[in-house]
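Next come two complexes, and both contain chain A; in the first it sits with chain B, in the second with chain C.
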Partner chain A sequence: MSESQPKSLPNALPTSLRLFLSEVSVLFRRWRTWAMLVALAAVPVLIGLAVRFSPKGPPTGRGPAFLDQVTHNGLFVGVIGLIVCMPLFLPLTVGVVAGDTIAGEASLGTLRYLLVAPAGRIRLLVIKYLATVVFCVAAALAVVLGGVLAGLALFPVGRATLLSGDTIGPGEAFGRLLLMGGFATVSLLGLAAIGLFASTMTTVPVGAMAATIVLAVVSQVLDALDQLDWLHPWLLSDHWLDLADLLRQPISWGSFGENALLQAAYVAFFGALAYGRFTTKDILA
Partner chain B sequence: MKRIWTRWLPAAAVPAAVAVAVLAGGASAVPPPSPSTPEQVLALVAAHTARQFSGTVEEKADLGLPSIPSQALGPATNSASLGSAATILELLTTSHTARVYADGPTKLRVQVMDQLAERDAVRNGNDAWTYDSKTNTATRVSVPAGGSTAEGSVPSTASPSVPAVTPDQLAQRFLTAAGTSTDISLGPTTTVAGHTAYTLVLTPKTPGTLVASVQIAVESQTGLPLSVDVYAKGQSDPALHTAFQNLDLHAPDASVFAFTPPAGATVKQEPLPAPKAGSGATPKASASPKPSQTGSSQASAAKSWDSVVVIPADKVPAGLTDSALVKQLASPVADGKLLSTSLVNVLVTNDGRVVAGAVPAATLMAAAK
Partner chain C sequence: MTEELAVRTTGLTKRFGHQTAVDRLDLAVPRGAVFGFLGPNGSGKTTTIRMLLGLVSPTEGNAEVLGEGMPDRLASVLPRVGALVEGPAFYPFLSGEANLRRLDTADPKASASSQPGRVARALERVGLSHAAHKKVHAYSLGMKQRLGLAGALLAPRELLVLDEPTNGLDPQGTREVRSLIRSLADDGTTVFVSSHLLAEVEQICTHAAVLRAGRLVAQGPLDELRGAARHRIEVRTPDTGVAADVLRKLGLELEASAPGTLTAEADGAPPAEDIVAALVRAGARVRGFSAAAPSLEERFVELTGEGFDVAE
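Coming up: the complex of A and B.
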């Protein structure tokens, strides 16, 4: 194996880690990635500005949940941002990144060079997926940070009111917000695996992106139909809006665990499908 | 490449593994508790000592009504009567999950967990609050000192915005009401929320009711009722189901029962609804004046299974009979409008009375005349 020859390596890092780091740096050197992250961060900022400069105060019980909480505690801008982004914007950006993973290389004609290097198809697949996971974390953090910065700049930060009517201090509120970001990240892992599989099916990245995003929307439409309630526990998006369970007192961890199990099952299934497809297909480009 | 199909094996193995995990999780062995008679189980419930517990309760209703999500019922209005009518309809047509914390007879917290919202009822001694996160409203309910008849009856029935009924409370109501009009037998032992339980089966003796049977699962060690299923005639799924999904028989943290209304919330003061005179043996059943599903079935069960409750026109909450929601679900009949479900029928007569009972519609119409 070539990785056992240290003199050919520029540094002492294992090959897998080097490939992973190079993949991540390629991802974050793209303008597209940064544009998506900035757009995500802009959502809570826009909400914050709209609430701050609207002539009347936010109406109670209307609009996105927690809107009337914002004027008491700026950190809730981040909470609203996550809830607003969860159904569409976050899946959209993850779909773009995940759909591009393999199909993007194939369309540029660089896939076979990647495979000429002793990377191996399985390792390439895993590294591509892990880089997508890094983007999922970055996307959720972008919303949280955009919300926190906008909230700190526009509103006072006081005690935050939870869904249960109890109040917590700003420090704990920030902790809960980060946990919600974590919940959003976990929620996106299954979709990232679907995107990876879609990406192995085609050499047209846009096709894979569109397929991934459409699946995310279809899953939510099915989730809204009461006639299909037997199907709901199996749907990718079933727990997406349960991130508000982290705003209860005491925290309701049940949905966090169920969501993690569900997403793990999706990752295993679509990861296995991607493996089956990618290791059997002829790489022509 | 030879045996290329083996590359697809993992993709086939994953669903198989998930199926095995799901099936293995569903079928757990039930260690049979010692044999017992219905009387022994009833004594166990009556003397039950599990006053300290925390758990999650699932509530489902299948009354043959169309499912109406709470969002479709519009934003919560300031009108209490319309709000409560919407709340009752929501309770009748959708399922709920609630967390319940109890410590002794006077400390109770019920949290109804809606999506992106929550309704709370807290009772700590003589201090009782309800809180609704959608409207950010906290309501203080005055509890007369020493007036606690049963655990938790005050906060959960004082405000119509918290429709939570724990298996414990519901089972106690049925058992209190079950007199000579009911056959009590013992069903097969079950497991609810990981606890072994006896099953009490309450069967009404009268043929004139829509209730086929009531099944109550009783924890075999402590006597705590773990689940209640109300079966309607001609329906295989329970019309009303409430059960613990998980249960911890330890004292919850004391901070759970401490409630201070948050800054910025609307704070209201509400007197405890006065019990109506002469409406049955249990004051708890009459604490809910609305013809809600639980209220009316309890009120009728208090006397006998096929009794009919008549609310005079001047006692009917304003806005209930002419609310658009009731109009949509009720069908016109000769004497008025009939809201028909598999378990309960409610007749709103043309002169404004509300007649309700767990009886067929014909019995209601006869009673309305």
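Coming up: the complex of A and C.
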């Protein structure tokens, strides 16, 4: 039989880590997950193609900031990709994955078998959240990667000018791009917790996904209303577009820290709600 | 006392809003038994099983499984329990084997190094080795049901809780499940099997409980349940008038009968041979006589007040 050497290796791993790896592997063995990642990667590619083959050449001053930088340094395709994906596409995909966590298992009926195994409700909830975090990383990376590949293929990679007027070389530009990917990932953590909570409320995954995505949109709409500026610091999406701060020279870390704190608060709050709900819930699906 | 019971519930109750799905249930399932948990659709079997497995918390009452209280001791009880609840459920995009591996990984007491062997043995036991690498969405209903059983058999279990395990199976599959349950019981595993079809489990059960609208109406060893059923005698004769007089004189209470046939409850009746002798002496032409212990099926129809398989 196939009880060969490599298979016995995971024995050393704690059981929770093994369940986490199983969770991640189930997530990435779904066709849907890859479709979303490919779609995310396609966004910067499309932007790159549009800029490269637009008859008028890259616009200056109009459109997303830095669009004109693309022609100097192709890595900026990734930067623009992140900025374009942050308000809708990234939240959309994270909403789908987070909304599916518990409700998806419930609708398949596999939730009852996991709990009877017994996976443990708290353990399962934590592992589901961590797997969603892995997806957040993958989603941001997909945009970065799509941007880098399109940039390298379509544009020269030279020195680029930052907001401050300083110029940086390709190596540092790549580092900044990865940092921005990290910022985008952190920005999605609160939303992932909201999705997890929504997912404990229903056995219809689409419902949980829709609720999560709608909340992401509502948060941004409220963030755009000046009359509500007292509310803005508390909004999930308040710092989402601050990822451009990572292009300043020197880097301004203020918004990164504030964002991390805000997201942590959302994770704590909605994580607690999800815990309260899921540990007491009757599993009837 | 408790240690000898695999499952014990006291006053177990579950209400959904105004509806009482399970009503003050007192179950006692002896260790080593094959326990038939019978009742029409909607009588509360699945809800009871969900409470035993800690999926649903009781509104009132307690449940003890393998001597420990549920759901409090869930983490120590459930690794020793295999279960099939309300039909099998799998990730359709994973193979049968990958599905079992995932279930096995979810059990913190199952060691990783022996997992491939456990999974292969469970698949073999239900006759699915050949389909191990097929995606579950390509499985037939019967194959899924068997894969569900394989999931329940991943580890050596002290108790198997099987909720309608023959649902969706053809007669051959049903026979296979029955013989599987028998062989598990021979190994000393307690089997708690629910069904709305008495005939499907009658042959393998040592004990049974009957549920009607959430209430327990009978419980005990199968022989006792059978014994409690009322016997009937049936006489086929063209001379019904004469025969009826004889039976009445013998103290039997006649029931409505078809032409040419008389039936009566046999409680307190003289032995069959005496009845026949009396009939013949009186000149009735006896063409047929039976003193039937009613089938368990009839007994259950009596208990549940309706035929089996009748939806609520």
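Methods note: the second predicted complex is superposed on the first by the 275 of 285 C-alpha atoms of A that agree within 3 Å, B and C clash if a C-alpha of one lies under 4 Å from a C-alpha of the other, contacts with A are read in each partner's own complex, and residues count from 1 in each chain.
Note that a contact is a pair of C-beta atoms (placed from the backbone, for glycine too) under 8 Å apart; a residue touches a chain by one contact, two chains touch by 3 or more.
Predicted model, so just to flag it, every value in this text is computed and none were measured.
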Room on chain A for both chain B and chain C (clash or fit): fit
First (chain B), second (chain C), both or neither touched by A:Pro250: first
Touching partner for A:Pro156 - first (chain B), second (chain C), both, neither: neither
Contacts of A:Gly169 with chain B and chain C, given as first, second, both or neither: neither
First, second, both or neither for A:Gly109, with chain B first and chain C second: second
Which of chain B and chain C A:Leu19 touches, first, second, both or neither: second
Chain B versus chain C as contact partner of A:Gly276, first or second or both or neither: first
Minimum C-alpha spacing, chains overlaid - chain B and chain C, in Å: 6
Shared chain A surface residues [contacts with chain B and with chain C]: 280
Residue ranges of chain A touching chain B (in the complex, touch as defined): 60-62, 65-66, 68-69, 72, 83, 158-159, 161, 163-167, 226, 241-242, 244-245, 248, 250, 252, 254, 265, 268-269, 272-273, 275-276, 279-280
Residues of chain A that touch chain C when the two form their complex: 1-3, 7-8, 10-11, 13, 15-16, 18-19, 22, 26, 29-31, 108-110, 112-120, 123-124, 280, 282-284
For the chain C and chain A complex, residues of the former touching the latter: 50, 53-57, 74-75, 78-79, 81, 83, 85-94, 101-108, 111-117, 120, 151
Residues on chain B engaged by chain A in the complex (per definition of touch): 1, 4, 7-11, 13-15, 17-18, 56, 67, 69, 75-76, 99, 111, 113, 115-118, 120, 129, 131, 133-136, 138, 253, 256, 259-265
